[in-house]
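Note that chain A is present in both complexes that follow, paired respectively with chain B and with chain C.
Presenting the complex of A and B:
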């Protein structure tokens, strides 16, 4: 067949058409997962909106059964609302939104998710989604819309405006080919984990049986609002630099670098100037690829301060501790927030880790309890695709037995990990798995090893205290008999002999403790081998 | 912060910009994987083009090192070439192509891949890709182009046209931040596996050290060209049906169904008519959602012939056998092509499986040999993301020890699986992992169990033959001594006694074989338990 013939079918596709045919990329595969994905998109959107607006979130989620595999989902929040002119694009257009362009930590980052809900709803039921929203200006809009798939834009079916003083967003949609379940990967568990990672949010969840669960907020503190931060120079690639240089208002490359990047001072510009063969007073719009390459190379040779942490909003050790204690009531827990680092060159990120042992920690499987990993990215639970995720890989790469946990897979152990970043490198548009960036894996490992050592100290101390107490009890028991015997033999006072024996026992116990401290030191050294491993594998 | 303030940043993103920021979705993560992804996109495009045009493919791939993490890749094929007016869109626009809209089995299906190469090349090196192509009409075009990212369209830097009689396409691009390696996930192994699954292709591969490997074709037979097939009714969803009904030229729903679907006859239409409450003589453009829903429901209650197999092009048992024998030289092999089935409602697909034992089968790891899974989709190797793939899940769900393979993970065993379909349900745009659709998993399991039983028969027969021969040798050895003794004792002819003894031994051996046959029957029944398992787990 000739090429002209073959190319007769050449056509362009819209992004909406693409995702309509490749739903699985957005997380719409399987009946349970599809429903959880809808809840995920609605909840993260509400949380993001509240957080940016500085509002303590109150979220309502209701799932109603309408028949076999047929449900209605209603979500409502007390967020800032959506200005009426943006309603069509927010819900009816993919790759449109407030998040993609900004270097800001939010759960959503792509401008696909919530339009994905509209798409899934209409392609499974033929019905529009209903949006009711107000920014609190006394006017409420109720809009019904679908997506015009070939054009990737909203088709408004109705728009009713009326007066009412209320603020927030309410979404109603119907779904077919989905299924509710209380299983680990279902909507309830998704919401429960969201509540754990967002102790400032109140979430009401009503399941299809009409059971209402209220996740009360355990903290009244509004998390600081995430702010868009300038990119860190060490995260920049040549292509990014060139693009930014074309758009800048600065007149010189030097002022461009200082004004559009974080941590670039005039002293740093001087250091860069020493390493490049052209004048940094040049107009940035005239920069060539090779010159940008020189700048990027220079930047990688120079030390910069770590990215500013105001761009990152971790949950915080105290909040995590409360949440973990609250829910798992463990025998032992340790929480750690690592300092901010950069991945993929220069995107700031930060890792938070908690481990809990005993109590309700671990995952209940049949009669037994198994090791459990709870993954979060920007406080949103990651429920699916655990296999290919950097978090899973990092956790499984730890030699837990070094920290005194013999059969870790069958221990009542929960590891909680949250990665916060202005750009989480997800492996696909479904956002359930973090790409295996080595810096991220390294940070998680570092954090786990640190809490692992704390666990080890606790656990071996507990074990030894138990052993010591056993020994002491045995010795004490026999000391009385022994004292009586010795008293007769030596014809001395029995009480005095007993006192002497007890002194001996106490001394022996002290010796034990000293020995243990020595041993502990050795074990600690052994555990630090892990650090070495990391350094060597980091290339 | 007020909503109006928050929405000041509302913006639209192009698909190219989206993938520029989320490279990992296309498979561009890590230095080795990024290079393999480029080779993958170029090779699959060449193979698809040749196959559609009915040309025996000759493909040339060269990777040159230009410095640290900096390479030049050249690919060339003898394919049909690209008509000049389509060059910009093929290489410079995402979601454009000949494949997305058609129900046809090709390696590419999204219209993203090769523009992804342009994007990756220009964002890492700032350079255009160079394309030289001709449809064989005496004119050759040499074009240099980049993508205008904000507009998702090609920016042509140069276009030189000259006269020459030649046909094919040659692509040259530079890449940075990538790395060549001979490892399992590198370009060489990718090409080697491509050669295994495409025995009709000749592929020349030149690595950065200048080593040239020629994968000669082991078959001169051009595979039949894939043809676009009409969708099978049982794969259709309400939304699809409604969309098709809006675009059809048919005047009645009945003729619409007959002309635009495969396996729908007027008898079937009659069956549908009996199940719906409106007249199928209606104009299809006037169909309502609820009416389409009735049609889809009716279709699911009716039996249809399996999807026509002319839409599917398996490699074929003979070709796979040749390839496997050629490369692995195994002690045992079994090949199986299952009949076509449908997934996700009605997309036709077919599974091909081969197992090889002994010889060069298995994966060499250090000193040992491990179980190896070679995954393919539409003859393209799947090298990454094995963890979340339906193929891996299906293979690992088999209880190999039932088939006589004790420690399967450490056996010299290669399992080769190819899924062919007009639409492979990949989990992400990187196309390295197949979504876990239950019909696909079931088919793979069925195929593996069938070849597993063949292996079992071979293996237990071999084991028994060995045991039998050992026994026979022992008996024969003693029969001579025994005959001499008996001859003396009974005063009879030694030779005759020996003959009698040998007869006895032969009879005993026959008994063994009969017993084994009985045993074999039992084992077979046990293995069939697996089938039961499948039936039960299939809901």
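Presenting the complex of A and C:
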């Protein structure tokens, strides 16, 4: 798809001022969270743009410290670039994104994205953001802009155009009242998780100390571009219906419903007609709120075919496996993508899970490693509000002990979960936690139990092998001393005794393996008999 | 047993083990069990004996591997000592054998408490004595009184050693009793009480030999008291603190210990009696205000003693139950609350004279 085409769907919605007063809704609350949100918006924007344009993304993120709570963030990508006439819309207008009016599975679902960064930057520092972009047509534009918050419109402060053959977008902005940290909720962890869920992307991250981390690409496959699907009637709200009715080209409500929604046939329209007290042949632009309410109520009473699932683009088992191996380098992993299901009466979704054990799996805390849950929604990491999230709830409801992980909370163990859906039911506008829909929880549990079983098979085998090896090492270690002692005691050749002992040990190890295969149970140690009663009388 | 016989026993143990390995079997050592389940109290002779139960230490059992290796190192070192006709202290033995196992950070022995019990294992496995393996422990215990002892050609007059007395060595087999002028032997638990009685010249005034065990008695001390009682036919009387620990020291002197049950016949003195401290002393001598309250460990130990077959005589059961009931213990030195001389001039002479003693 060409860049111009991409951006022609921009439409206006003036709520800039509303969000200025409610910036917490955008994720700009708290010093660490605000910084992570900025990185999230920039990375998401780049990934979505690259994918829609069919480009393998290369993203560069740098955070520089400028003073106490004061940072500069630079992000750059090799994406399609932004045609100069769309720059004010992309960076200066809330809810103007390409996704807002389409029912499509994308990371930034609600299109409040990168304009929020502009707004946050200008309200904390008073400075504009700087954008350098080119669609690869030989012209590069460097623009400085701010948002006129009363008009929900970008104000271009400067625009320098020059010739250069380069394609991509680079954004630079200053932020105050934020804080960098390597903690779980920080930008680094956000980027690391993004890299795992997006194996086709190469991401370079430079932290304020100048440490550079490169997350290499582990897949050359650009994810299939998600298809915009018409919304399914179930799940529609009165407000949405009214808005859509105002914009439709259809002349009758009946044809509006059939053409703008999926799974609505003329037979279904008849069923709706039976339940409402007005004629569905009327002009949709004349629909009143109360009439829309009737339609929504009717829809809820009628059964529809499940929505098509071609709108869903899972990462895929192979891709996840590559990413997990690439970034976590675990001793063991198991990956599973479940078939699509629906939640909330008809919204399609799909669950993907992976477990990784050992290597770099788990979360480093001080001197130890702890269990970690990596939550994703449409490949975007969910970092905050873990407690109230359906994913966390589902993971914690699994009895990991049953799968052989005794102390899972203190194990080098990572659980990866990605929920893919055209509509993720978030608990709040912060989009950091998934509502506890029972279908979603059930799917996650099913998936985890299946990978849990795979894990168990591997893990118990490994544990037995470890125990066997430990025993072998104990025997080998002492056999050296024993041979020396015995040689002196019996006046025999030390080497021959040692050889004999090694032969014995090898034979014993073979016995262990046979026992394990035959009986599948653990070797039981003979009871320690030396329960001696030692007094200190013997000096 | 002669040195040659000991060397032969050690060597044939080694040969058996090498043979096990040749036959592709785990090398193993059989020895009598020394846990309480295999201790028998011989009521007729009033000594502890080992039963017939055996335990096997096998190298291929990883729970035993380290101990097995250590036992062999000790056996091999003992063979060397006997061959060279040298005697080492058990601490020297520990240091001779302690080293880092090649290719590891582990030591053959980490502490002397690891090697000491294995020496006993070897004694029982081979049926030999520690001194026959040319091992000895530190001197512990003191003797004073009118007795002349010949040791390696020298004659020691134990009444002419000032206040310090004779330090009792670990091995006393070479001692010959040359001349004795004593009516009985008094064995005293604490060094402090021994010193008190020496200062009061109790041994001279009462014509006895005094021995201090200084806490739990070492083998040398037990062997010497055994010989004084057996060879010289002297009555032996013990004087300990009035608590479960003192009473247990008494029982070891008298009947032997569980750890060395195989040596009870050589170390025990079954005819021994206990003069004090007893619970009845508290009332008799009005010592109620100088007792100490029993701690939880003391109470636990009392319950343990009451389980042992060799504490089942009615006098002892009564004594222990009375202690538990009163909830107190009494030390030897509490007698000083009367006066320093009280113990030497009134308490001991009176009780010994009237035979107010526990069996």
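Throughout what follows, the second predicted complex is superposed on the first by the 360 of 539 C-alpha atoms of A that agree within 3 Å, B and C clash if a C-alpha of one lies under 4 Å from a C-alpha of the other, contacts with A are read in each partner's own complex, and residues count from 1 in each chain.
One rule holds in what follows: a residue touches a chain if its C-beta (ideal position, glycine included) is under 8 Å from a C-beta of that chain, and two chains touch if they have at least 3 such contacts.
What you are looking at is a predicted structure, and each value in this text was computed from that prediction instead of being measured.
Novice: After superposition on the shared chain, which partner residues are touched by A:80: those of chain B (first), chain C (second), both, or neither?
Specialist: In the superposed model, A:80 contacts chain B only, not chain C.
Novice: Is chain A touched at more residues by chain B or by chain C?
Specialist: Of chain B and chain C, more residues of chain A lie in contact with B.
Novice: Based on the superposed arrangement, let me know which partner A:212 touches: chain B (first), chain C (second), both, or neither?
Specialist: neither
Novice: Quick check for you: in the superposed arrangement, does A:247 touch first (chain B), second (chain C), both or neither?
Specialist: neither
Novice: Quick one: classify A:481 as touching chain B (first), chain C (second), both or neither.
Specialist: Only chain C is touched by A:481; chain B is not.
Novice: First (chain B), second (chain C), both or neither: which does A:387 touch?
Specialist: In the superposition, A:387 touches chain B alone.
Novice: With both complexes overlaid on chain A, does A:507 touch chain B (first), chain C (second), both or neither?
Specialist: Touch partner of A:507: chain C, not chain B.
Novice: If you stack the two complexes on chain A, which partner ends up touching A:462: first (chain B), second (chain C), both, or neither?
Specialist: Neither chain B nor chain C is touched by A:462.
Novice: Using the superposition on chain A described above, determine whether A:183 touches chain B (first), chain C (second), both, or neither.
Specialist: neither
Novice: So chain A touches chain B in one structure and chain C in the other; where do those two contact lists coincide?
Specialist: Touching chain B in the first complex and chain C in the second, no residue of chain A appears in both lists.
Novice: Spell out the part of chain B that touches chain A in their complex, as residue ranges.
Specialist: The contact residues of chain B facing chain A are 1-4, 6-7, 9-15, 17-18, 21-22, 24-25, 29-30, 49, 52-54, 80-83, 86, 89, 93, 95-98, 100-102, 110-111, 122-127, 135-136, 225, 237-239, 242, 289, 292-293, 385, 387-388, 423, 425-430, 435-437.
Novice: Under the stated contact criterion, what part of chain C meets chain A in this complex?
Specialist: Where chain C meets chain A, its residues are 10-11, 13-15, 17-18, 21-22, 24-27, 33-36, 55-69, 72-73, 75-76, 79-80, 101-104, 106, 108, 116-117, 120, 137-138, 140, 216-219, 252, 257-260.
Novice: Taking the complex as given, what residues does chain A use to touch chain C?
Specialist: The touching residues are 471, 474-475, 477-482, 485-486, 488-492, 497, 500-501, 503-505, 507-508, 525-526, 528-539.
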